[in-house]
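Scroll down for the structure; my scribbles are underneath it.
Note that the chains take the letters A, B, C and D in the order they are written out, and that residue 1 is the start of every chain.
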């Protein structure tokens, strides 16, 4: 291990510290948290986890989050597929402006949209439903999915389309039976990143819901006060939100850069 | 076969256009609508022209938030881009450990943004937090809830922890796309490591670094959740960045007009940098 | 400049190769004289690039020794071997001008600037690059970039060998002959040892005085001049691979120093030294088969015209024999007889030329 | 019954990719589209297949106007230069794809796929994915898919260009066998004149988007209508030089005079362009009318069984091609003899006069 590999190693240790500390706190009892600095839990307890997994207001929050994230992912990828194909294969009136407009939406600050969204979705009668958050998150997830899929699709030679048409496939049958299987890895990556960016967002998710669809990100804020009792609970809830990312990251490990860079690497 | 011109392709793009328009154009119209009117509740509106915009442009608090935001984004870029590039350069080109490294490094990018805030909140507590206790033990008086310098240090450190891996990943992807032949040619030409970096790696990384810089600029320019959870914009308003300031205005009181004007100016700044991003990243499409 | 000696070189990409099949490069011993122009010729995946990387030092051999002018370099790195390489895709430093590209290796070796200037201008003049010395290297055409790549090797007076890894792949077809003649001319002027790797026979035979032919399983089957490869292939693979259409290979028996196909005797130069063991075959190039009124009976199956000559395909005793009929002469039909030119008809046993296996 | 193109034009944006072109291709014939890269071969093929619609002109197939008909409805198959196969289907499914779309029964599909695989020697590879095959095998899979469908029109767009030259030779021998006994029109695009000659059938020469000549291959080769067709139809490139004929001699550009030979005997005196194919120039005198060329050898190219010498004669490069391996040292002076009886003469605006 040459000397220079020391640098990434130190960096990874630095990255793991806060996660270790979160884990550490999630297994501590309340008074041990308050009593002071202990690098590992003296009294190992699963109380915080037990509370979260038994109290409906907690575990339902996870269910709500997973629900609207799943809806958003399916919606974003399904809608992005034909659009990405159009961008990758054809030049059409205003295609460059449309692509740029999508980029500007991916970069749009949630703060600018939070108030109008609340009014829009209330007027449409969708306030406090999964659909509201799922639809709101498409603002940045659809552009992301289009960019990533367009990157993958440009890797597939155009002659493949020609071959399928020559074989007699109509456009829909070519698209579903030939093209989608061919870029299945791309779809997997786009879905993963839509899932992630919807899962991590809080501002819109919190403000577009109240009770019926309250996501985990909102449930956690009510305990963010510094008093000891909630810290352990907060840590445990936090650890559980890391689980989806940790599980799925392995499947897209060779495409991580492509996903985050909007498919441009 | 180059791209055929086919306006029927609009049919394929329509669904995306409709949904994103519903989410983007209608809200933006309401914001524009508010920004040129005045209301005192019970939703009567009176035309007020560009009054809110003039007020905003004279509002010291806006410039203070904008100033803090620019400083924060500047710090983020100054630290994360060189650090990310350095780490990527030190990574082994091939080997089993690489994918383990990359997965571990990308974990912070997958943490919900409020959990990032809470995590650092717990970490930085002066008496019981790992960072807080550690720094104080070293004799540095550190309390991020009261000292502006400590607050800034913690917020920037948190963002470095959260997003530097993105720069590492992009640079590493750029580096590994350089064909082996270039490194062999350099070896044969007797080039020293600095020359290899200067003449082979840097020119090839230009594209990737541009993406990293612009992505980091945009995302840090609209940071809200992590800061609000960690410091709530405090102590006082030392860490009240643009988004934090805007949300307090928008969801806070009745001044819908000023908040709307604020939103429009904020979005225009983002639009400007998006256009810069687009022209730099899409060299072929942009020209053709 | 160096004489390159290869002794019992064998290489496998596996940690512990057991059978012969595990070796990407089978055992080979060769000597390349100083200043010679050599080629490594063989189909894709025959191990020629492996051999090139062993000589250049990018790979250390599993077995065997490579020495430059007697000095064993098998384990040394490319820099220490003082070699230069031109790759399949042009490798240039885009941000530099053409001059800086050519000066780069000398500047790394801290050569005084005045000497660099003279040396670079001299090489640029040789490569017809003098006009574009101040231009950015990235702007040149593919063949211009390959010349820069080559120039970086030529500027170094102490280069032992310059290696080309299929350098004409990206060049437009009609420009290829100009770059080939430039390489040939340069070799004559500089006299540096050059090794050219390709799967295209024309490039190998045109460039090299000695061509090393390798078959698909990484075995060197012959090393010889273009004339030797054409006139006297030492393995049926060389006969097949060099020349189009390739050599006819016909099963035959050898009795009492004479060769027979389906019972009728056929002339063969080395029939007397054939041992009769192993798979015996007769090899004769279409160029050396002619129509005659007596000889081996055969039936014409197909005639295809290449403008310059006609390729006549005949069947005799279950084997296909091709022959060439010059433009203007009538093409035979139906039943006819074939005569072989004795001097260019050889017997092969298990693929190798009978009586000549070294 | 045939495929007819009547004044077909294709413009993309402001450029005209295919100038007005009229062609008639008969059933069960092998037609070669010969032209350099970017001469418009691929565009013309896509127009024939129906992947591209012509800007103007009509396309008739067996008498029926199919100009607007989409490729799906035409019984066509196509093979591309870069071995295009469905990456996640195995070889069996790749070959069966057109039959599945046509809704054939499973038994019928199996029978035809096995037959096609046998013909293309792919039986052992039926269960493998294209990525696990060599270049040659991938291209055979694409050809099998084109053959299994019994289509009326089979289009091959430089299918051998990306293969090793020896593999190219093998496939070139086998190709006619794949299409033997079929009633289909075969259209084969290539940049190599030798391939056109080997396949025989008819050849259409293409240059910069227009078809310069169409007819039986050997006739087109022997009697090119104009200088452009002659240049398209010879590799290494045909030697051309301006000359003035008076009576029985030709005054060449460098003042030398050559005997006029039979070919030019009948021509009236005046300015002509003489076109001499490389294999009509050789170190030994051929025929009774020989022109002498003395110059410096630029390079000797050996193609394994032939030698191609590039000679610099007073600044003009002449190319000679002759059997056998006879390397001339670069830079040495040598004299070569031109068989003028076999030369071609072109008039002022390039049309063939004799």
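Note that in this section a residue touches a chain if its C-beta (ideal position, glycine included) is under 8 Å from a C-beta of that chain, and two chains touch if they have at least 3 such contacts.
Everything numeric here is computed off the predicted structure, so don't read it as measured data.
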item	value
Fewest hops from subunit A to subunit C - one hop per pair of touching chains	2
Between A-D and A-B, the pair with more C-beta contacts	A-B
Whole-Å gap separating subunit A and subunit B, where each centre is the average of the chain's CA atoms	16
Whole-Å gap between the CA centroids of subunit B and subunit C	57
Between subunit D and subunit C, distance of the C-alpha-averaged centres to the nearest whole Å	28
Subunit B: positions in contact with at least two other chains	1, 5
In subunit C, residues with contacts to at least two other chains	none
Contacts with two or more other chains, residues of subunit D listed in rising order	none
Complex contacts: residues of subunit A adjacent to subunit D	157, 159-160, 162-170, 173, 178, 181-182, 184
Subunit A residues within the subunit B interface of the complex	4-8, 11-12, 14-19, 21-22, 25, 33-34, 36-37, 39, 75, 79-80, 82-83, 85-87, 89-93, 95-96, 98-105, 107-117, 119-120, 135-136, 138-139, 142-143, 146, 158-159, 162, 196, 199-203, 207, 216-217, 220-221, 224, 226, 231, 234-235, 238, 241-242, 244-246, 249-250, 253-254, 256-258, 260-262, 264-265
Subunit C-touching residues of subunit D, taken from the complex the two chains share	36, 135, 164-167, 169, 191, 193-194, 197-198, 200, 218, 221, 234, 236-237, 277, 279, 298-306, 310, 321, 323-325, 327, 330-331
Parts of subunit B lying in touch with subunit C, wherever the complex brings them together	179, 181-182, 184-185, 187-192, 195, 199-200, 203
Residues of subunit D touching subunit A in the complex	46, 49, 51, 70-72, 76-78, 80, 82, 84, 86-88, 97-98, 101-102, 142, 145, 149
